[in-house]
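Working notes for the structure below.
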Amino acid sequence: MDNNKVSNRKRIYAKEEVCIGCRLCEVHCVVAHSQYKNDIVKAYKKSPQRPLSRILVEETRPVSFGLQCRHCDDPKCVKACITGAMQQDPDTGIVTNDESRCIGCWTCILACPYGVIKRDFKGRKVASKCDFCIDLGGSPACVKNCPNEALYVDEVRVLNNEESKEKGGTAK
Amino acid sequence: MSLDYSTSEFTINRDKDRCIDCQVCVRQCANEAHYYDDEEQKVCSDEHKCVNCHRCVTLCPTRALSIKKHELEFRANANWTENAIKDIYKQAATGGILLTGMGNDRPYPIYWDHMLLNASQVTNPSIDPLREPMELKTFLGRKPESLKVENGKLAEKLPPQLELEIPIMFSAMSFGSISLNACKSMAQTAYENGIMYNTGEGGLHRDLYKYGRNTIVQVASGRFGVHPGYLNAGAAIEIKIGQGAKPGIGGHLPGEKVEAEVSLTRMIPQGSDAISPAPHHDIYSIEDLRQLIFALKEATNYTKPISVKIAAVHNVAAICSGIARAGADIIAIDGYRGGTGAAPTRIRDNVGIPVELALAAVDTRLRDEGIRNQVSIVCGGSVRNSADIIKAIALGADAVYIASSALLTMGCHMCQKCYTGKCNWGIATQDPNLTKRLNPEIAVKRLTNLLHAWSHEMKEMLGGMGINAIESLRGNRHMLRGIGLSDRDLNILGIKAAGE
Amino acid sequence: MSYVIIGNSTAAVGAIEGIRKYDSSTPVTVVSDEPYHTYSRPLISYYLGGKVTKENMIYRPLDFYQRNNIRTMLGIKAMSVDYSNKTVLLENGEKLGYSKLLLATGGKPFIPPMGGLDKKNIFNFIKMDDVKAIEKVAVRGSKAVVIGASFSGLKAVEALVKRNVSVTVIDIMSRIMPRVLDDTAAAIAAKTLKDHDVKVLLNNTVETILGEDTAAGVLLKDGTKIDCDFIILAIGVRCNTDLVKDSGIKINRGIVVDEKMQTSIPDVYAAGDVAEGYNFIEEKMMEIAIIPNAYYQGETAGANMTGGNKTFNDGFIMNSMPLLDLPIISAGISEDREGIEVISKFEPEKDTYKKFYISDNRLVGYLLINEVDRAGIYTDMIRNQSDITALKTSLGAEGFGFINFPKDMRKEKMQKGGAA
Amino acid sequence: MLQREGEVRIPSGCAISGIMNKKGKTFSGVDIIRSISLMHDRSNGLGGGFAAYGIYPEYKDLYAVHMFYDDKNAKDAAEHFLNEHFDVEIGGKIPVRKVPSIVNAPIIWRYFLNPRKDKIMESELNEDEFVVRCVMNINTNMPGAFVVSSGKNMGAFKAVGYPEDVGEYYMLDTYKAYIWTAHGRFPTNTPGWWGGAHPFTLLDWSVVHNGEISSYGANARYLEMFGYKCTLQTDTEAITYIFDLLLRRHKLPLDVAITAVASPFWSELERMTPEKQELVKAVRAVYSSLLINGPFSIILGSRNGIVALNDRIKLRSLVAATKGDYLYVASEESSIREVCADPDRLWAPRGGEPVIGMLEGADNI
């Protein structure tokens, strides 16, 4: 096994120097998770319950940047989840929440080091988070639609098991 | 407070069926023409504040916005036009000089559009740039009368030359008048494409020294940011005498634009107005210019060509002859359509002459005097496309300066409000909320695209004329024919009429 | 080679996933006296409250054991361990050999002395079987007494309220959830309970349980009598060390382990509620009976059973507990102490309360009520023990986030992404 | 009425041919006439001409000036000018044969002369330069008078007509020269003016050329800065002046001059030594306006030999051959084989690659 392969794990990064705080990422995240993935107007005007944006934009002018789930290598939310609804795909490393099993105990919110899991009170209250737009295929909506290329997807280098075992990937 | 006569210039149309109240427009408009009404729970606009920069239109995710000229009509009057009347209202209200930005927008004739290019048919072949080499490399700088060659070697070195891969340079725009990101973008594009950009009178920001060999550092009447390190950092030095947009007028950078970095780079106190005097107070005559030219050559040990930039004015030919004889290696002529970050409207719109005529006159004059090879001629002042460049070179230019085209490439939408410092495209502003809107990575890509596109077009046009090296076009006015021009114009341009 | 895991809850699952990450072949056997597919114990209150179905109780998918190639012996109690011969004796007499053993037997209820405990309709509140029994009696209109107003007691209360049972909850202490909440916070929580018609009796204890053979009420220390149809005992949980009691293994309050989850006996590991763990904030070994801790201990034990070198030594208490839609999140220290600086923000009109415990410029604990969003950032501060001098003033501020961090600190964090 | 050369720029295609003997042995014009006449179809009867070197051995130290006059007045004016500036040893008609196809002949005269010492003194010019100025003066300022050639021991013979008829007309079979170059012209819109025919000459430079150069304007306007008057507005004239400027006035070696007019491409630069690169860069920078662009094949003649050259992407045909001491260059192979059936070597030079025929003992062209 190659000892430091580049994983097929990807992560979204923000460049705050060029984030213009337009929040189009939020708009397109909402659309991407609505029932009208290709029609912004309908997504906003017709969706009975418009989904939450899973990216959050932090801003204190002039600084701003978008932030969404980091899909951690050691996902605290997954390990803290009391129902097993929060799971990580072993290959892609993408962390998703099975909202049908989530009971809204907010333990993931307690655990997430990035504070990027939102409480969704529509319907049965559940945790809402970035799913990397997997069912969209291609790059995530927020990245694709950032007008100033302030969001980008990059591959994550992970160490293979043997190595991390020696290193002792402590839970910290 | 008495009644304000000013009325809206534009109407903002918001298609309510498409607007999703996402407030992107609200967040993007530095003029606050859009706002969110919490009570009504919807986005509204105050079109009085709109400058029609298209920022909101371009970013609106649902294309719900459009902007039109305001319909308010004055009674038709060929003499007292809307502009004429509104200007009176403005000045009656403020008592001040009218300010504007970018280049002369009056409907004067555009001579580029009255010249047509030649192409080969039968008697000689046109050349296909896709199959044959097509050369655009250009050298700027003083050329000796003749070369001395001894046993296969160059006996005397050439005077310093600027080597350009394409005969295009980004002309002077100072850090201060435009944002550091804008400067960075042009600097890096110049660096990657083997051309030059120009610091203007803004000094050289520490982050940009690494682009030195693609930099022309400017020395203007305010001497802002000038020191030995600065002079030696660039590939050439340009003495700015005048600017096409405001001949005879100095520069004025309002204190609001002089933030920390600008003040550091210009070496002036933060927040203080940066005022460049109308003349250089050490140049009241041609012999003074000669002294400055050689002072700068001394300061840089004769390693850098010295350029002198002037505005195209009435007796430009004689002036340029003087500049050449004063020891300049490059003369930059800036036509009356040249852009500016801020100029008095009346000056911009009424002073100076078209660069096409100035260029032709200067080239002819220098050739008549047999000194054309002693200087290179760079022309600027609204070079809008590759055809303009080809025509300029055929008239006698060695290379062109582009600025407005570069700004458009980076996002400028010609709203002409540069002087307000509220450029929504992050170009003509120092407001950190706005400057970050210009992402240098994107701008470099776009500028490079423009250069590539224009190079391809120039090569196609050259090939069509049966020419495979740009120098064979320089001053080759046989390749031009005039259309809809008077004999006088043709005579000044030194070209025949179409059909002759 | 073979691994044996006694217990089938969070720590056990963590161990299985820990083992299989490095070793996909060696046989693993899971032994549990509970006959169920691994389920989430904290979910029992949600099951009782009707928020999750029986099917959704499972903590891992149904193919979990098979996918991880695990042999399960469910519903079979382990009786004792023979360390010298490395075998586990099962109630069916079978002797199960192991090369590495994990004790993950969890916790058991603590029951204080009181009269009438032998009656029917007195329940604990820990396991699936407890709630299965409770749901039979906890019918609309019935009356219940819950003894213990701490975490599990209140989850029981919440469930019963959802089932339209009228509830009285009794605690010996002066406020509810005494270990997590201070008086201000407890008042907010108590208000919520009151809004749901829950009677709360504090500074009081049950002397005896009344009724014939079936519990019919309680008699309190102060003499008050309360009728009820059933009683839930939720005073607390103790480490379930019965299996190895007096076996020579070092036991304190729980089984003593090192940072690799090794017990005092070679090749025997312990994890989860049965074990103690190093609480790096309290700087001492103690039981940390929470899910994340159980999982990490299990995962660490698993990795090390395969010969790994994983350590886990930064456990600390953290809880998220929505009480009848009142979000409550806390982590680390949750009581005022000598030399610990406290910053707190209380907004009565919004019922929001934020409290931070700081010890030499490091965050050592916090409590959030109602506005709990982005709590994890604080948890992370505790975990990383990073100097927060620059952030002190903005702690708990509206819209607090990385924007409040100094640029370099923020960049480092966001570039690092989640790579732990 | 059509404007003639000088009044308008007239591009033209053509045929060229040249023969030289490297040892300087002279031979009659018969071969060159046969060679050029084989390419009859490359010209259209609107111009043909020859340049011959070594034809006036007895006057080899005098400038041999060939003249066309439209009429007597022009002749008187010009001769007055000549007598003013030169000591004219001999002057007289150039003998011709009647050829039906050659019509409207001007007065064709030739003089052997020497610049007047006093005039040279006051002009402060060397002899050659003095002669050049006089030639420019006549061609620019004396309507009806035209200097056909002005070199020593050489002469140009040209007319409106097919080259073979022109050769016949001037009786070139009776002249003996060690270099012959010939030109058959295919102009696109000339009325057929004798002066406009090729070769074009200055001093003992002569140029025959096939092509239409697209850099003409750039070349001509640069030359004019150095006092040349491109009165004919023909490529051939400009090319002649370019070589005069580079070789005679700037005293550049031939290869450097070639580098200027048919520069290597920038892309070829990296294959050169640093020194060479520096030189080429300098040449292209300084003489950029003398790069000859567009299609051309030329034969430059001088007393020291000939240089045949193609434009750098070879848009015109050019073939060369050697046989013993003889060098042949022509637009077409056939016209070489016509007079030299089995050459020792025959090749088509690459674009920008000169064919140099240097007279034995000469160091530069």
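Letters A, B, C and D mark the chains in the order given here, with residues in each chain numbered from 1 onward.
By definition in this document, contacts are C-beta pairs under 8 Å (C-beta built on N, C-alpha and C of every residue); 3 or more make two chains touch, one makes a residue touch a chain.
It should be emphasised that the depicted structure is a prediction, and the values quoted were computed from it without experimental measurement.
Counting C-beta pairs in contact, the chain pair with the largest number is A-C. Taking the mean Cα position of each chain as its centre, C sits at the greatest distance from chain B. Centre to centre, using the average C-alpha position, chain A and chain C are separated by 27 Å. Centre to centre, using the average C-alpha position, chain C and chain D are separated by 106 Å. Note: centroid distance chain A to chain B, computed from Cα atoms, is 45 Å.
Centre-to-centre separation of chain A and chain D, using mean CA positions: 80 Å. Taken as a graph of touching chains, this assembly forms an open line, each chain in contact only with its neighbours along the path.
Applying the touch definition to all chain combinations yields A-B, A-C, B-D. Taken together, the chain B residues at the contact with chain D in this complex read 120, 123-125, 127, 132-133, 135, 137, 139, 143-144, 146-147, 149, 152-154, 158, 161, 367, 370, 372-373, 465-469, 471-479.
Across the complex, chain A is touched by residues 14, 21-22, 40, 42-43, 46, 51-52, 56, 58-61, 291-292, 295-296, 299-300, 303, 308-314, 318-322, 327, 329, 331, 372-377, 379-380, 383-384, 399, 401-404, 407, 410, 414-415, 417-420 of chain C.
Taken in their complex, chain A has these residues touching chain B: 17-24, 26-28, 40-41, 44-45, 61-62, 145, 147-150. Residues of chain B touching chain A in their complex: 17-18, 20, 22-24, 27-28, 59, 61-62, 431-433, 436-437, 439, 441-442. Residues of chain D touching chain B in their complex: 9, 11-13, 188, 211-218, 221-222, 224-226, 249-250, 252-253, 255-256, 263, 265-267, 275-276, 278-279, 282-289, 291-295, 312-313, 315.
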